[in-house]
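The following pair of complexes shares a single chain, subunit A, combined with subunit B in the former and subunit C in the latter.
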Partner chain A sequence: MIPAPQKHSYALGPGVVAPAMHPEYGRAIQELNNVNYPKAGGQPFVVDAGHGVGGPHQHTQYPYVTGTSVLALKYKDGIMVACDTLGSYGSTKRYKSMERMKPVGKFTLIGASGEYSDFHYIMKLLDELTTDDYCHDDGQNLTPTEIYNYLTRVMYNRRNKFDPLWNSLVVGGFHNGESFLGTVGMVGTCYTDSHVATGFGAHLARPLFREKQYDDMSEDEARALLEDGLRVCYYRDKNSINKFQIAKVTAEGSTISEPYALITEWGYEAFVNPAAAAVGTW
Partner chain B sequence: MFRNQYDTDCVTWSPAGRIHQIEYAMEAVKQGSAAVGLKSKKYVVLATLKRAASELSAYQRKVFKIDDHMGIAISGLTADGRVLSRYMRRECINHSFVYDSPLSVGRLVLQVADKAQVCTQRSWKRPYGVGLLVGGYDKTGPHLYYNCPSGNYYEYKAHAMGARSQAAKTYLERKFETFDDATLEELIKHALFSLKESCTDGELNSKNCSVSVVGLDTPFDILEGDTLKPHIDALDAEDAGAMETDTAPAAPAADAPTDEAAPPEAEEPPAAMES
Partner chain C sequence: MRARAKRRSNTLSTLFSSIPRSRCTTSGKTSVDIRSHHRSRRCFSGILILTLSYNVYWQIRPREGSQSRCYQKLNNLDRKMMLSAGPQQHGGPTQHASWSPYDNNGGTCVAVAGKDYCVIAADTRMSTGFNILTRDQTKVCKLTDKCLIASAGFRADAITLHKTLQTRGIMYKHSHNKSMSCVAMAQMLSNTLYMKRFFPYYAFNLLGGIDNEGKGAVYTYDAIGSYERTGYSCQGSGQALIMPILDNQLKAVSPLLVPPQDGATPLTQEQAVDLVKDCFATAGERDIYTGDEVEIYVINASGVHKQTQELKLD
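Right after this comes the complex of A and B.
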């Protein structure tokens, strides 16, 4: 999330610290001939104030534009993944048409929650690998398990550098007649299961999956269950919108649906005074 | 004295369009003792003749396990072979760490070939003086590759390299069509028979040769000494039976060119040990 009340300019937004607000800045200006200092007057500012003032880059260590939960489950023909298309800027619903699921090679699909630019970086790494496979021209491609394992290594490696990629990833695939579904966390935590979810989804949607998911379920059943999960997430997660994509990977390859909305029902009694049933809240 | 003006390093062409240093390196492979490799649809077998530096010494190892799914037989400078086998082991272990899957044989062979090629294009380097027979089994099946000091690599159904290997090749060329459906035992038998053709002094025994196998559900394994002895005994038994019908090919005539290169026995130990 956005760094907790680091002083920042309301006009410029988080991460962009006005020099007057940064204790080190005035001194730094005098010590270094700072290139950001406007020669023709005006208010100077620095991006990522920590850098160049005796500290390492800090701006990679907090997420800025983030996506929320990704839900996924196995079904008869392969795997199905779903998430909304929101890119939040802190708690601002800033970008409303961000695709957070991307195919990798022929048999794999990645869904990402967390920092969007870090997801881009991860996709760049994976695209390099698939390009490399293509260039070898020996008919061998990365399998879903290989991609999953690769990502756990990358995530854990970055955590060890104290510069984690701020994502929770879902890796799904269908290869040689077998479905694969796994998830990788920000610090390299990982597991495979018949159904997985990141973020709030792990608490809101997975209880439903635990009850209803089974590996031989039909595509329609799987879609209905996934939509139930999405709906619950949308009801309870403030950083989500009613605009979803569902993707699947089967023997035919991967397809990602166009965004669409779900029918929602806000008349439930529990929604009228949600605090009533929750002791300790207000 | 006749002296070749164009062979001092591997970045100088001869006017005939050859690079002598690379050819010398390939000659080093021919002077090592023989190694053969062959494969069926399920297995790859490598077999080698081992040399002992002296009467008192042990036989020099020529087969190295790279990973559970892959191994190499070397011919030429053993020291260079060890360096390459260490490199291959490292690549395999890194691949299984990162991807949790075994490295493809073809990809690794390509990497080794690229590594060897670099040495043929740098004035301050020398080509590796070792040939590798790489046998392995991956998701595309069994593979047998030959890696040459020149940076070339070839995939084979069956191949032999090293001293007097022409004789073994002749055997393999005569029989290779039956290899595809051969059992592992038959494959080992063919490997030993072909190796026998290249054997210079005395008989094959469980000390002077070693066999390795890898294949479907069969992790790479080296048969030596006592584990190899049954196979050698079976060979001798069959040989005795076959003598009456099948005449052994005239080996000395076939391998005349390579024989020339083989060092005479009881020479003083060379600076770089070949095996």
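Right after this comes the complex of A and C.
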């Protein structure tokens, strides 16, 4: 006889015990599930993850599919954000048409580098919030600052659980005539500035931004500067491809461009024989 | 904003001219004038030479305990796994990407208490490793009308700590219909830090304000909540550079005296502000984590007053 359930499943609700929790059936279910482990990696599908098969809940220990740098800056009409569309699997250029920028509500745009599935999870959290706003239908929507602060808390809390979301996020927004630009890292490190860049972009693109960016720059100037940033990142970052999207957030809302390529030049003499100017290297 | 952008692009020329801004000014009107600078130079040049040999890096380095050990173990056991490209298959030994829950974003805080005022200041640079993340991030947070906190170290922890204290201060006000006193806030900060004794906030805090008698108060902390009321203190990446200057110029009151002596410094408010500015200019010369701008808050009977002073951008 099956004993009455002593505790309920968190996923299924009170009074219901998940099969995997059941002392009698636990082992059988586990064996069954062992057979069904996905061969390509990842977690097996279970209704009540963490209480079920395969031992204790696993934290993210390694990012799988990742995106590289996101660049963003303030300009006259709002915020401009740019990144390539590559999803790397280690060093493999695995997915070449991934959108790494997504709008949130009317005034905000998120750009993400790092683990792509974690980014999806973050977008799910944010979409729940915007859906909630929409359902209330009271004209109150989350502002870019609020979304930024929310994300900061989410990232920091996951870091506190030693189960970080493996991303660096860029939050750009335009609301009530004011533009907002901030970034949040994997452990919750966050700051706002007139220009930001994640990953390699912090080394390669931000020096250009520091030199040329000013808050009243025109859209054309901003685009040219961002493309310069993207170009140096593409030249030096092996995990990037020449397929970029540029997004902007202005008073009219956010728009994300179709992917396009930049003109590049690989024929420079310094590229052909890089060791010529550096005696002692190979 | 444009002017600021231009200032930034002049970093290189500033670097090569090697004339710090504080010494560029010739007008006696500026708060850090040449005379005071040179006078103080002479006074503590000996101390400076000693100090500069100190290690300016952070003192308590967060360690990855079990994680790094785990990583090593896996490395030794399964070197073979390193050969296979890309992330590991499920069920096999996992290749750990190492991560630390801590970062050090640097920065320096200084506070000086006087008879009826308190000066608390912090620079606005936020760094990680050799990167400057931003030049304009405040480290100071106003907790009550008479109490401010400044924190260096890990920014995410400091923000969380500030938010917690601010919230509790507001809740206190709602339930008691008066602001939390500086002394109570100081105790609460200690408790809040100690609550996370085994996963500490990596934040180095200074609390400054006016106590119930109207006297200036400075409280200085370590990351896990040990604290002390002093007449002056310094925390953060520039601590080793600034603390001896303060000791030399202000002289701490012996804690062994009975009855205990008031630790407040004898300086006037203006002298204290000048000293703080000199301290930051000095630390900015050698500490790469201190620079850009210093925000100085003066708390006295008439309220909280903010002023800023530019520092070197290199």
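We take it that the second predicted complex is superposed on the first by the 213 of 282 C-alpha atoms of A that agree within 3 Å, B and C clash if a C-alpha of one lies under 4 Å from a C-alpha of the other, contacts with A are read in each partner's own complex, and residues count from 1 in each chain.
FYI, contacts are C-beta pairs under 8 Å (C-beta built on N, C-alpha and C of every residue); 3 or more make two chains touch, one makes a residue touch a chain.
Predicted, not measured: the structure shown is a model, and the values here were computed from it.
> After lining up the shared chain so the two structures overlap, which partner does A:Asp138 touch, if you call subunit B first and subunit C second: first, second, both or neither?
first
> For the overlaid complexes, name the partner, subunit B or subunit C, with more touching residues on subunit A.
Looking at subunit A, the partner in contact with more of its residues is C.
> Is A:Tyr260 in contact with subunit B, with subunit C, with both, or with neither (first, second, both, neither)?
neither
> Quick one: is A:Phe271 in contact with subunit B, with subunit C, with both, or with neither? Answer first, second, both or neither.
neither
> Is A:Tyr150 touching the first partner subunit B, the second partner subunit C, both, or neither of them?
first
> Touching residues of subunit C toward subunit A in the complex: what are they?
1-2, 5, 8-9, 11, 85-91, 94-97, 99-103, 105, 126, 128, 131, 133-134, 136-137, 154-156, 159-160, 199
> Over in the complex, which subunit B residues touch subunit A? Could you list them?
On the subunit B side, the touching residues are 97-101, 104, 106-107, 110, 139-140.
> Per the contact definition, I'd like the list of subunit A residues that touch subunit C in the complex.
37-43, 61-64, 89-92, 152, 156, 159-160, 162, 164, 185-194, 202-203, 210-216
> List the residues on subunit A that touch subunit B in their complex, please.
136, 138-140, 142-143, 145-146, 149-150, 153
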